[in-house]
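Take a look at the structures below.
Shared chain: chain A. Partners: chain B in the first complex, chain C in the second.
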Partner chain A sequence: MEFTDTQIQRYSRHIILPEVGGKGQKKLLGSKVLIVGAGGLGCPVGYYLAAAGVGTIGIVDDDLVEVSNLQRQIAHSTGAIGMPKVESAKRTFEALNPDVKVNAMKGRLTKDNIMDVMKDYDIVVDGSDNFPTRYLVNDACVLMRKPLVSGAILRFEGQVTTLIPHEGHCYRCLFETPPPPGLVPSCQEAGVLGVLPGVIGALEATEALKLILGRGEPLKNTLLIYNALTTSFRKVKVPRNPDCPVCGQNPTITELADYDAGYCQL
Partner chain B sequence: MRLKVNGELIECSAGTVAALLEELGVSAPAVAVEVNLAIVKKKDFGTFALKEDDQVEIVNFVGGG
Partner chain C sequence: MREEERPAKKLDIKGLVCPYTFVKAKLAIEDMEVGEVLEIVLDYPEAVNNIPKSMQDHGQKVLKVDKTGEKEWVIVVRKEKE
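Let's look at the complex of A and B:
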């Protein structure tokens, strides 16, 4: 494909970077990224990927926009209250950049649909708000060998990591099994500083762009932890766990299961 | 005993991972723990012995989005 004059202008600050260039920008336009969740993290992730010209963005979420979302979920506006979040996000991202096609999927990922949803995408970015989905997405990515950028937030703490199945660690290498239901609160229960998902979502989007471009070093085997109160970043090295139940030497998880048992809907 | 916990040197009397978490007031089921770059299984928290100058990372479960 050749760039139009408008595209050359739109992406000029990318094209001028030797690490991106016209070739890299064409890679972005040809890439397909799936975002899990259209909430605090999914909004900035999608916003920046759309601005960057990622050609196809899938976004999946079951919720409707509520007024309490608007303190942080920047793709949704007051006028979108009551609308499915994925429709609101699609409208925002496509208005920002008409080069981007957004596939809006209203629903929840389950063991029965996740592989079909993920199969057409190059990279998955997790911004989900509950542990059952996090484990399901991790396990599906390991089984399908899809790169996964994982982000999470609560109160003033955020975490980001990039999982390259069978090359680096997976989510279960560090967090083998979900915490007991009710032990770790959700943002709804414990609060979150509105700008925190902006920081973490921007880092997730950066990781996704680097993977597409094949530039820099992804957060492989590394968990980055951000503390907004102290403005500090800590990198924790996470080795692959040979006993990991999904990506270890003798995996016990060889097919997907739903992990909802015992969890209330977050 | 001197340990490096989350990058900072601390003095503590705890001999095991479980005792260290208790001393620090950390809820064991809500964290993952790594000692000298190896992940400690939850079931081993009570028996995993810590020694001088071990590097311990305590990572919170964070699941919000």
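Let's look at the complex of A and C:
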């Protein structure tokens, strides 16, 4: 493909970078990223990937926009209240950049549909707000060998890590099983500073862009923890677990299961 | 003109201003082979300094910068690096 004059202007600050250039920008335009969740994390992730010119963005969520979302979910506006979040996000991202095609999927990922949804994408970015989805996405990415950028937030603290299946750790190497229902509070119960998902989502988007461009060092075997109150970033080494139930030498998880028994649907 | 300076491609960016002068030049050189020479014709005075500097920063070799008219310059760059 050849860039149009508008594209040369739109992406000029990327093209100038030695690490991106015209070739890198064409990679971005040809890439396909699936975002799980159109909430606090999914909004900034999608916003920046759309601005960067990631050509195809899939986004899955089954919620409708509520007024209480607008303190942090920046792709949605007051006028979008009541609309499916994925439709609102699609409208925002495509308005930002007409080069981007957004596939809006209203629904929940389950063991029966996730592989079919994921198969068309190069990279998955997790911005889900619940453990059943988080573990399902991890297991599916390991089984399908898809890179996964995972982020999580609560109160004033957030985490980011990048999973390259069978090269680096997976989510289960870090936390083998989901916590029991009710042990870890949700944002609904515990609160979250509105800007926090912006920081973590921007980091997730950065990881995804690096993977597409093949530049820099992803957060492989590493968990990055951000504390907004102390303004500190901490990196924790996460080795692969040879006994990991999904990516270890003798995996016990060889097909997907749903884990949502007992969890509230947020 | 010496043989090693013979351009494989000529790029006319008269009328363009920074940063598009360099963006266009960079896109042109990306599509060329290492060892090939690009000749750039331009009329934006700032870019006469900026393009050679940026090309060098990106690892390319600036062979010459000539003023060829009242408000026209030619920059010749050899691609040294992918």
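Quick note on the criterion: the second predicted complex is superposed on the first by the 266 of 266 C-alpha atoms of A that agree within 3 Å, B and C clash if a C-alpha of one lies under 4 Å from a C-alpha of the other, contacts with A are read in each partner's own complex, and residues count from 1 in each chain.
In the analysis below, a contact is a pair of C-beta atoms (placed from the backbone, for glycine too) under 8 Å apart; a residue touches a chain by one contact, two chains touch by 3 or more.
Every value quoted in this text rests on a predicted model; they were computed, and no experiment measured them.
Trainee: Just checking: does A:16 make contact with chain B only, chain C only, both, or neither of them? Give me first, second, both or neither.
Mentor: In the superposition, A:16 touches chain C alone.
Trainee: Mind telling me which of the two, chain B or chain C, contacts the most residues of chain A?
Mentor: Looking at chain B versus chain C, the one contacting more residues of chain A is B.
Trainee: Quick one: classify A:3 as touching chain B (first), chain C (second), both or neither.
Mentor: Only chain C is touched by A:3; chain B is not.
Trainee: In the superposed arrangement, which partner chain does A:184 touch: chain B (first), chain C (second), both, or neither?
Mentor: A:184 sits against chain B, while chain C stays out of touch.
Trainee: Which partner does A:158 reach: the first (chain B), the second (chain C), both, or neither?
Mentor: first
Trainee: Could you say whether A:40 touches chain B, chain C, both of them, or neither, answering first, second, both or neither?
Mentor: Only chain B; A:40 stays clear of chain C.
Trainee: With the touch criterion stated at the top, can you tell me which chain A residues are shared between the chain B interface and the chain C interface?
Mentor: none
Trainee: For a test of understanding, state which residues of chain C touch chain A in their complex under the given definition.
Mentor: That would be residues 19-20, 22-24, 26-27, 30-31, 54, 57-59 of chain C.
Trainee: Quick check: in the complex, which residue numbers of chain B touch chain A?
Mentor: Touch list, chain B to chain A: 6-7, 27, 29-30, 32, 34, 37-39, 41-42, 57, 59-65.
Trainee: Can you list the chain A residues touching chain C in their complex?
Mentor: Within the complex, chain A contacts chain C at residues 3, 8-9, 12-13, 15-16, 18, 21-23.
Trainee: Which of the residues in chain A come into contact with chain B in the complex?
Mentor: Spelled out, the residues of chain A in touch with chain B are 37, 39-42, 126-131, 134, 151-154, 157-159, 173-177, 179-180, 183-184, 186-187, 190, 192, 197, 223, 225, 234, 236-239, 241, 243, 266.
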